[in-house]
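The structure appears right after this line, and notes come after that.
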Amino acid sequence: MNSIITYLKELFGGIKTLLKGMMVTGYYFVHPRSIITQQYPENRKTLQMFDRFKGQVSMPHDENNLHKCTACNICEINCPNGSIEVISKQVEKADGKTKKELDTYIYKLSMCTFCGLCIKVCPQDAIVFTPEFEHAVFNQDKLIKTLNKPGSSLKEKVKEPINII
Amino acid sequence: MNNEQLKEKIRSIDSNIEITDGPQYVTLSVSPADLHKTALMLKTQADLSFDYLFCLTGNDLTDACSVVYHLESFKHRHCIVLTVKTANRENAVLDSVCDIWITADFHEREVYDLVGITFTNHPDMRRIFLNEEDWVGYPLRKDYTDNNIVLR
Amino acid sequence: MEDLFIISDAIQEEEYIINMGPQHPSTHGVLRFKVSLKGETVLGVEPHCGYIHRGIEKMCERLTYQQVIHLTDRLDYLSAHINNEAVCLLVENALQIEVPERVKYIRTILSELSRLASHQLWWCAFGMDLGALTTYFYGLRDREPILDIFEETTGARLLQSFNCPGGLMNDIHPNFIKRVKDYIVYFRKKLPEYDELLTGNVILQERTNDIGFLTLEDAISYGVTGPSGRASGFACDVRKHHPYSAYDKVEFKEILFDKGDTFHRYKARVEEMWESLKIIEQLIDNIPEGDFVVKMKPIIRLPEGEYYQRVEACRGEFGVYVLSTGDKYPYRVKFRSPNFSNLSAINLLSAGHKIADLVAISGSLDLVIPDIDR
Amino acid sequence: MTFNIYDLTSFNQWVDKTLYDSLPAFWAMIIEMTLIGVAFLLFYALIGLFLVYAERKVCAFIQNRVGPNRVGPYGIFQTIADFIKLLMKELIPINKADKFLFNLAPFIVIIASFMAIAAIPFGLGLHAIDFNIGVFYVMAVSSLGVIGVLLAGWSSNNKYSLIGAMRSGAQIVSYELSVGLSMVTIVILAGSMQLSTIVEAQRDGWFIFTGHVPALIAFLIFIIASTAETNRGPFDLAEAESELTAGYHTEYSGIKFAFFFLAEYMNMFIVASIAATLFWGGWMPLHIGGWAGFNTVMDYIPPFFWYMGKTMVVIFIMMWFKWTFPRLRIDQLLKLEWKYLLPINLFNIILMALIVLLGWHF
């Protein structure tokens, strides 16, 4: 007799647990409002990324097409994967001194691991992370980006670069 | 037991073991011949009972290879480090401890694979990550070269 | 010893050998199990790893200590923050730098959030391994707010690289505290649902109870740590026994069971989610004011010697061993990954059970393959 | 009865008579068969497309997500797009596979499900063949599909497939018993194996109401066992994707895979319609004894809609538990059958027989 009671207990206990689970899924079936899925390409206009989102490294330019990079190479040294290449040139100033200036700032997005070291160590805050995230391209070469805009030059009155390494 | 007591205890058991103070843990250095014996002692000695091997590292020291065993006791909650240096680098051979701590089975295979120390009495001394058939050399050795290494 | 290595004897001509992996839905990555079967019964499992071996330890030898951190993200990507923390703690302890209390609190909160996110992902994947596909979406749904919190503060959802030696890369976002508090309220409501949907379910009970026993002795000897080890009674919680960051300031229970079967490994993780919530609740209101980073020299040189730092990652004890020669690069870095040791027990656990149990067991160990292969 | 306005019998007889009058008997028969075959093929394809879409949508809502929503409004053309994709996919030949059996297997599966559909009464007069042993026929034919599954598993020369096929074999052999016995319970109550008679017998109340507890138990067992028979979750061991990647159809691609896929949904439809026919009165509208007004209103809803509605409800229940429960293990699957379902079922039959003998049913 005992065995029959345990048998029935097991049976109904089991069915009860199954029904409990079905209640949970049933609840969500009739509550489609709780869906949090974002309709991505459609919501592109309203989509707001977080400010700190590490989308890609970029170099802000002001309205006069001036950037802050002094071509000190600290970012290049600190980058663990060699995704930054700073090419500098010697420019003769009006007073006859030659000065190192940024020629091209090459950023290889495909090699970047978004560790943030370049931005952390930059003494001039010349580069920042911007939250662009749509990086898909058909050609890998397009992922090698030049961050300084053509014709841009150094913003004057910047701090002297601190020579670290 | 704290570090001082540990040192005393070990000294009282075996005076041949070289004991030094590391930054965190007491470090024991033994010769390859004494390795298995000492390891067994550390595990079985009731006051020590180091039954949990939480890390096993193989190092290439350019003149020799060394293996570092980090041990903890589940019962007494004290930790100790056991180091052993092989006689030479080209033919680095040590005794396996995987009969004492079974976790050493995989870790020793890893050390064999990457550093190139062969463990005797290991039941299954094969490479664990790299390909058994065609991989040449031991990557974590300092003189290892590979055409595919990308330097920054 | 004899029963340990039955596999080499067991794989014989007559047995039915199947490869689970490297491309198999239940191995959660590129891990390969060479399974020898007799009918449906598993005779032995031989794990073959290395499919995603990237040589991180070798790479670390050419990187500075700051640069090593971002590689630890790529080990156990689900506890990226905790792995970062391990390297930072190692450097800080070696240089004897005392980080501000604020940093400790934030690190602890972020670690526990990672643990929650990781256990949620494990829960959904475990349900899916057993064939309950719905759990996957519920788990991911509840994990999403955590990733948002991470994204807002650290700038990345998964591989945060938010720690640096001496502190954090950035201060917490002004919204952080409010979001975390909201999340705790939200998740406290959702967590009982997990129990209703899966834990109590008679099919799950049948599938996991008395399957894959791991005794205490075996757990210690195999070095099975984390919730998997604690389900066998192996009190191995580094947070409790060797506290770091702010863990000595909070009250929490180390979840211990003594049965050590698949169900208790499951249970241990679900219970840990509750404990993580408790830890966050205790800390979130009391984050002290202060700096988020200590000024460090730009080049970190550890004094000559050996260093070891243990932390409690989501799957068990994560350790970093550094052999320094006083150079700016570490001479040798070794990561003690919890999954590597946990994996070694798979043959012991699954021998004699069915194929379906092998899937459940490997699911209950919560293996993350990049962490195994490094 | 007012629902007789929807009776198609006279229309069928008229078509039959015209054909036989104008053509030789042989050709008339051929044309009739072709007509019915084409009708069923269309129906089959439509139902298949609809069910795949319904399944995806239902599981999406259960899982708290949106589901297909890209192709057409609410993604209604998703399955058509999928079908086109499957048609265009390469049929990958398998080395060392038994080519003939490998190609034969999907056809056996799909033909078995196609045959079963013939005996199902969709409405008054909407009935391809009204066997006097309809229940028996449907049961026999629907279990033929397992041969296809076994052949698929064996011939694809894949270890996962073979394990899957063997599991499927063990599963069907045992669950066929429960399906049969729970049908027998209703046959006892109805006193006939002819499906049309069974539906007629439910004119004054569906068997699930008139048959007391045994009918309810039989219904539950039928749902569980038939889910297992169609290899659907939580009994989808034959294709358990977390264990066996895709089980018996691992090696199939393109249209051959589509056959398996379609057959699965059609089998689900067939067992659901049998459940609806046996327990919920098939196309019979909901009648409550004594409420003449209510019954008349119900009669204005065409029988076909009644039938489809009931079937869809049963299908929804099957989907609901597929998307809620974890999968069983093979030994538990067999344990469930032999330890729980079979004894309960046998007991249930005796109970039902007693009730019928003593005249306790309504």
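As written, the chains take the letters A, B, C and D, and residue 1 is the first residue of each chain.
Operating definition for what follows: a contact is a pair of C-beta atoms (placed from the backbone, for glycine too) under 8 Å apart; a residue touches a chain by one contact, two chains touch by 3 or more.
Just so it is clear, the structure is predicted and the values come from calculations on it, not from any experiment.
Greatest Cα centroid separation from chain C: this falls to D. A count of contacting C-beta pairs for A-D and for C-D identifies C-D as the more extensively joined pair.
A summary of chain positions shows that the Cα centroid lying nearest the centre of all protein Cα atoms is that of chain C.
The mean-CA centres of chain B and chain D are about 64 angstrom from one another, to the nearest whole unit. Chain A and chain D have CA centres that are 52 Å apart. Between chain A and chain B, the centres computed from C-alpha atoms are 41 Å apart.
Separation between the centroids of chain C and chain D, computed from CA atoms only, is 45 Å. The multi-chain contact residues of chain B, meaning those touching 2 or more other chains, are 152.
In chain A, the residues that touch at least two other chains are 18, 21, 24-25, 36, 80. In chain D, the residues that reach two or more other chains under the touch definition are 62-65, 323-325.
Within the complex formed with chain D, the chain C residues making contact are 16, 18, 24-26, 40, 127-134, 136-138, 141, 197-198, 201, 203-204, 206-207, 354-357, 359.
Within the complex formed with chain C, the chain D residues making contact are 59, 62-65, 159-160, 163, 167, 233-234, 236-237, 240-245, 323-332. Against chain B, in their complex, chain C makes its touches with residues 1, 4-5, 8, 49-50, 53, 55, 57-58, 62, 93-94, 218, 220-223, 225, 234-236, 241, 305-308, 310, 317, 319, 321, 323, 331-332, 334, 336, 340-341, 343-344, 373. If you check the complex, the residues on chain D that touch chain A are 58, 61-66, 69, 320-321, 323-325, 340.
Chain A meets chain D in the complex at residues 11, 18, 21-22, 24-26, 28-29, 32, 34-37, 39.
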